[in-house]
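Going in written order, the chains are labelled A, B, C, D and E, and every chain counts its residues from 1.
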Amino acid sequence: MAAKRRVRGRRAKEPGLPPGTLVYTGERQTERVRLQLMDYGPDRLEERDLESVQESLPFKELPTVTWLNLVGLHETAVIEEIGAAFGLHPLVLEDILNTRQRPKFEDHGDYVFLVVRTMHYLEEKRDIRTEQIALVLGRNFVISFQEFEADPFGAIRDRLRTSAGRIRGAGPDYLAYALVDAIVDHYFVILERIGDHIEELGDETIGDPTPDTLRNIQTLRKDLGHLRRSVWPLREVASAMERSESALVKESTGPYLRDVYDHTIQVIETLESYRDMISGMFDTYLSSVSNRMNEVMKVLTIIATIFIPITFVAGVYGMNFQHMPELAYPWAYPAALGVMLIIALAMIAYFRRKRWL
Amino acid sequence: MAAKRRVRGRRAKEPGLPPGTLVYTGERQTERVRLQLMDYGPDRLEERDLESVQESLPFKELPTVTWLNLVGLHETAVIEEIGAAFGLHPLVLEDILNTRQRPKFEDHGDYVFLVVRTMHYLEEKRDIRTEQIALVLGRNFVISFQEFEADPFGAIRDRLRTSAGRIRGAGPDYLAYALVDAIVDHYFVILERIGDHIEELGDETIGDPTPDTLRNIQTLRKDLGHLRRSVWPLREVASAMERSESALVKESTGPYLRDVYDHTIQVIETLESYRDMISGMFDTYLSSVSNRMNEVMKVLTIIATIFIPITFVAGVYGMNFQHMPELAYPWAYPAALGVMLIIALAMIAYFRRKRWL
Amino acid sequence: MAAKRRVRGRRAKEPGLPPGTLVYTGERQTERVRLQLMDYGPDRLEERDLESVQESLPFKELPTVTWLNLVGLHETAVIEEIGAAFGLHPLVLEDILNTRQRPKFEDHGDYVFLVVRTMHYLEEKRDIRTEQIALVLGRNFVISFQEFEADPFGAIRDRLRTSAGRIRGAGPDYLAYALVDAIVDHYFVILERIGDHIEELGDETIGDPTPDTLRNIQTLRKDLGHLRRSVWPLREVASAMERSESALVKESTGPYLRDVYDHTIQVIETLESYRDMISGMFDTYLSSVSNRMNEVMKVLTIIATIFIPITFVAGVYGMNFQHMPELAYPWAYPAALGVMLIIALAMIAYFRRKRWL
Amino acid sequence: MAAKRRVRGRRAKEPGLPPGTLVYTGERQTERVRLQLMDYGPDRLEERDLESVQESLPFKELPTVTWLNLVGLHETAVIEEIGAAFGLHPLVLEDILNTRQRPKFEDHGDYVFLVVRTMHYLEEKRDIRTEQIALVLGRNFVISFQEFEADPFGAIRDRLRTSAGRIRGAGPDYLAYALVDAIVDHYFVILERIGDHIEELGDETIGDPTPDTLRNIQTLRKDLGHLRRSVWPLREVASAMERSESALVKESTGPYLRDVYDHTIQVIETLESYRDMISGMFDTYLSSVSNRMNEVMKVLTIIATIFIPITFVAGVYGMNFQHMPELAYPWAYPAALGVMLIIALAMIAYFRRKRWL
Amino acid sequence: MAAKRRVRGRRAKEPGLPPGTLVYTGERQTERVRLQLMDYGPDRLEERDLESVQESLPFKELPTVTWLNLVGLHETAVIEEIGAAFGLHPLVLEDILNTRQRPKFEDHGDYVFLVVRTMHYLEEKRDIRTEQIALVLGRNFVISFQEFEADPFGAIRDRLRTSAGRIRGAGPDYLAYALVDAIVDHYFVILERIGDHIEELGDETIGDPTPDTLRNIQTLRKDLGHLRRSVWPLREVASAMERSESALVKESTGPYLRDVYDHTIQVIETLESYRDMISGMFDTYLSSVSNRMNEVMKVLTIIATIFIPITFVAGVYGMNFQHMPELAYPWAYPAALGVMLIIALAMIAYFRRKRWL
């Protein structure tokens, strides 16, 4: 089913609708929309689940960093409210809701808009589900938009709570970096799983390939293609973030952004090497299958070929001519058998010498 | 037939004719040329079907936005009149009529000239028909040139009539954007259809591939190649529009143009992933066919190989030697049958152990 | 033979010879060198066949545009004379004579030097002959150098004579543009022919491929490769012409040069799409051939496989054991035949169920 | 096992951990961490094995060049101490410990940070083990971090001791260059080994290919892919070093850095040519195997085909019809044998004429 | 053997040796090192074989152009002397001796350093031997370093002696250009030979391919790959020379350098087209071989298939049942033969209708 959605690339918006029309293009993934707020400074932290967007407005005025995390995109009214409250462009809101977006980085002056994709590996189905995550980084706030309940940001919340590292002391740009970093780091987990899967398939391909092996190779290839389309643009995003001259990104965050960029490159290279491996596996598969087939055919043909001449000899002495002097000799039968044996052995010897056996 | 036109790349113009010679290179698609005019401002809208180009001249003088839509390109005189009335370069007129044009963006100072291609999916033939659409964006007018009756701009006309969104309040550059956006959005509809088609073919390829499957794969590949040649240059067009420093494109239209660009990229990426899938399908097809063939050959050869040795045994006892003591033993016949059975079973066991069965 | 010349890439010049040594590297294509002169202004036109280069000198002094067209390159003395008369660099002269030149554009300050290639489609041989055409554009003259008699510039001469379009009123840069444009337009004619050829081959490939089909595919592929090497550098030439800041190229010629560039791109894209088609055809060919072979093998093997077991049964009852009770039963023979029939039918049923038949 | 580690791309760091968390991602390769210090100037050299990082601090203050070499990365506390002592950024420390780093060059102002990879060829396993080497170049010090005991820098230590060449007189940038140069030079040794291996495999492929040959080709291809991923980024590193405008790199070191860059290019080109060779070998292998198979099948089929018609003749005269006049003729048996012989010879002649034999 | 050297990419220098260590990495190609000197101006020419480098020093002081040509690189002391006499950087000397150098262009301020490769076609072995040629262009001298005796510069020496063209009047930059031009021109000779070889192979591939054909195709492919690696960097060298802003290269030499660049591009394009041809030949070979095999298999299988059913009929009447009424009929035997004939003819007719025959 996930595969289907991928192939179709469905897009609910009708051609010709005005831009900024808010339509959620994904499937409803969660019961109700959740609004999680964390407001923190070096020496304070307030954490709250909000009932409405309005509750977040007072925090916006505080000098501290406000992180608003929205889970579930199916209530477009909530998105619209956030857009109004934080002054977001209608096209930004459209992009948040259109979950088939390519990862991108847009500097809108007052705020920076980021779209990235995270991945969930569904162990039981060996399938990958992608989720679009949109981030808005403002002067003193970060808003993150998630489709699913699954929380990729738990560790960051813990760091905020325990005030681990420099996160509480740094600004919203560092928080945005940390969120993106968590997503990129998560790719390595996915890659590890895929790597294990490739390894198994590789052993299978050399050892005992079946048509199923081929199907798995093809599925893996498709999955990697899919992953690749999510990760390649991420490279541009990471690079755009690093090179951004937005006043919202402090210089001290620079090395961290470069680090994210490096990790993205690493993910891409691992992906590319996986693709190479799968290509090689496909070749190996084809050649394994054909080797095995060849072996079967060869042995069988050789058996047939040995028996054909001696069956002919038997046929000759099965003829009913009245004048076949050999038939009367007492030693003729064993002689005939002997001739057959010699023919068979000679052929086997010939095949061996030719190294066909 | 559409395919033929594509392959031949026919071009009516004779080598050596002066540039700007107006020759319509397509086929006459419509009974007569239609001229549709819409003139609008924030608080007015006039809609009219014109009899001649002259009727549009007064609107040109008004400060409001004038949209002149021409359907049917076979009357070159009309094009020439428009060219004279709006001061278009002879090469621009030639390009409008030469419907094998590549999508392009040209800034002519007083006006901007755009060529894009839209697609029509002919459901019954599973074929794609492309149509060239030329746009001229002037200081207070937009002229669009269509080949066919089929109207890709209905939704925009409705938005103008109902004054939905910001379209009535914005200038001609926004109208031009909206027209291009409608065309790009239409690609997603085409892609969805192709995606469905790919899915069906994919199932067929794995399940029960026939030579027809191959033909369909090849046709699809050719269609995608065709689509690709229309869409790739569109990317440059979208990018040129966005980066254009023409005074005709207002800054506030910028984000919308960037949005069109993003969508174009998305179309291209979907196309590329379809191409990958079709490549994979071709490999799967070949390997499916050969797997099936191999299975047939293997089983048949095994049957033959089991019978060949035991047929030989039968042949031996069919020989007419007078001195074959075995023939006289009463238990010889059942023994011979038994030997044959043992040979057959031994071979089957051997094949099984070798995993050829 | 044309193919041979292509493969060898012969080049008469010995390594180490001084540059500027004038050696004609093509084959003598015409009886004698022809010098055609046209001198024109908005209101005058003089057309003449010259006996010697000297006759052209007075025209050089006139303010009108002088077009000197030379057909046949085998008399190097004539080239040298022209070089001296018009002040061309020795390397330019060498390039004119070395007909294996890559298309190029060189700005020599006082004049601009262009090398392009035109194509002649030899209908009877389905072969393509290429011809190098060199152009020198000076302040008030254009010199063109052709190898063959075949005249690609007839239509331009007619336009000059009838004063059609703006050609008589424009300068030598416009004439140079018109010459190049005629050559590029001629490519479309060639492409149309090749397109027809591809279509025929495509039908043949799907319908009834023979080893000849393969040879034709390979030849076409080679021809396209050849064409491609002529056209790709033309793109750079067209682009260099357009971007040139030479004082010899007037600004008003700009849009025309951009038009040539666009056409070149169109030629290249058509070529690339032809290459894709031929690649696809090669795949289809291979798979058609193997499909047909598979079908043959399958049916034949099935026939053999049906008869092998029943032949075995016949062999069993052909054995000469004295104690074979079945042989005496009156119904044994029809029973044996019946068993054979049942075996054969069972196998056919099995094959059908397995969908091998 | 080395292969496994490569496939999995394991990465111990949990997503969401704060950046700069020091976790060593490799396997513990050495008993205990070793700290080797060399401090030298044109006329002095002090060499010492340190017990703790603190011992190195006095040398840091001297104007002479200090080279601190650390072997073994599993004690993160030591790395942290070095970081504190030499003022390294936490992300740099993280990169030193994350041994799956891509080669890179980072200018941190006060110091320059380099990551490169060296290779160890494990002769017995025909496997390649890669090791990450991190370098920090400061104003008057160089720190190098190695994973394994194996010492790639022995020759440089000797040059320092014997004061060979200009190394003692030059600054720390020259030392850093020398270290990188030693690593790049080591690639040539690895390439030589691989080259030998390719040669052997090439002979095997043409002579007597077995399924093992294929496996070896695939392994080699994978190894080269791995090597390639280490070396390609090295190119950027070398180029970044050369173009660096860091005050830490003196101008006189420029030509040496360019030399390293040239060598890197040479390594890459050799690698690429090896890849080409292996691709060619794969094609040759497939075609060798199929040629051999074809030969087997052909000869065997021919044998079968010769005997089938003559066995039929024997079958005819084995029929038990009462009225078969031939059976009674005394010359019938030799005549039948003669006919069989003629048939066999005619078929062989036919096969020969068709060049199938 | 030449191939071996290529594969191994041997490199004598040990990792870690100081840069500038002079080790000759080639094989000693000539008995003793030869030093040829030519000193010339517009009106003088002195030619001499020197015994030692010292003899050249007085010429260095003259304002005339001094060309020092060294043949044989195995005496590193001579190279060192030249380095000292002409003030060359140690790395330049190392590069001269390391004959596995990539073609390159380095501007060292006082002199320009060039490495190019020339080729020798060994007719008898159909093998290509490459030779590295290093050039140093100074203010009034050119030094060339050759490995082998074979003289690629004979024609230039003749031009100097006979004062042909502008060579004697021009400066050392023109001499350097002439040397490089001679080398590039020599590639055309090599290409012509390879072209002939490709043509022969092409005919063989279509006509009567043998496994040897394949081997030759693969060798040719490898040779072209080798050639390609020599020529591609030459392109950068030619381009660097042309764009060089060194005071040593006079402006008037510019067009000549551009000419060399053009020729290099031409060599590269011919190479690429050869590679395409060889790729196509490989495909044709595979398909030829498989076509032929298919034909063999088809005809043979058909023969077998025709005889199998009729042999079965013979088997039936060879059964020994006592109650087979047909056996007694006098017309039974000819009837059985007739049935067999009809079966055989029917099968042939069927095969013909299916176009398998």
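The working rule: a contact is a pair of C-beta atoms (placed from the backbone, for glycine too) under 8 Å apart; a residue touches a chain by one contact, two chains touch by 3 or more.
Everything numeric in this text was worked out from a predicted model, so none of it was measured.
Taking the definition of touch as given, a chain qualifies here only if it contacts chain A and chain D alike; none does. Between the CA-based centres of chain B and chain C the separation comes to 26 Å, rounded to the whole angstrom. Centroid to centroid, with C-alpha atoms defining each point, chain A and chain E lie 43 Å apart. Residue positions of chain A touching 2 or more other chains, listed in rising order: 297, 301, 304, 308, 311, 315, 318-320, 324.
Chain contact topology: the protein chains form a single closed ring, every chain touching exactly two others.
Read round the ring from chain A, going to chain D first, the chain order is A, D, E, C, B. Of all the residues in chain C, the ones that touch chain B in their complex are 152-156, 158-159, 164-167, 178, 181-183, 185-186, 188-189, 191-192, 195-196, 198-199, 202, 206, 255-256, 258-259, 262, 265-266, 269-270, 273, 276-277, 280, 283-284, 287-288, 290-291, 294, 297-298, 301-302, 304-305, 308-309, 311-312, 315-316, 318-324, 354, 356. Within the complex, the chain B residues that touch chain C are 4, 7-11, 13-21, 89, 91, 100-102, 104, 106, 211, 214-215, 218, 221-222, 225-226, 229, 282, 286, 289, 293, 296-297, 300-301, 303-304, 307-308, 310-311, 314-315, 317-320, 324, 326-333, 336-337, 340.
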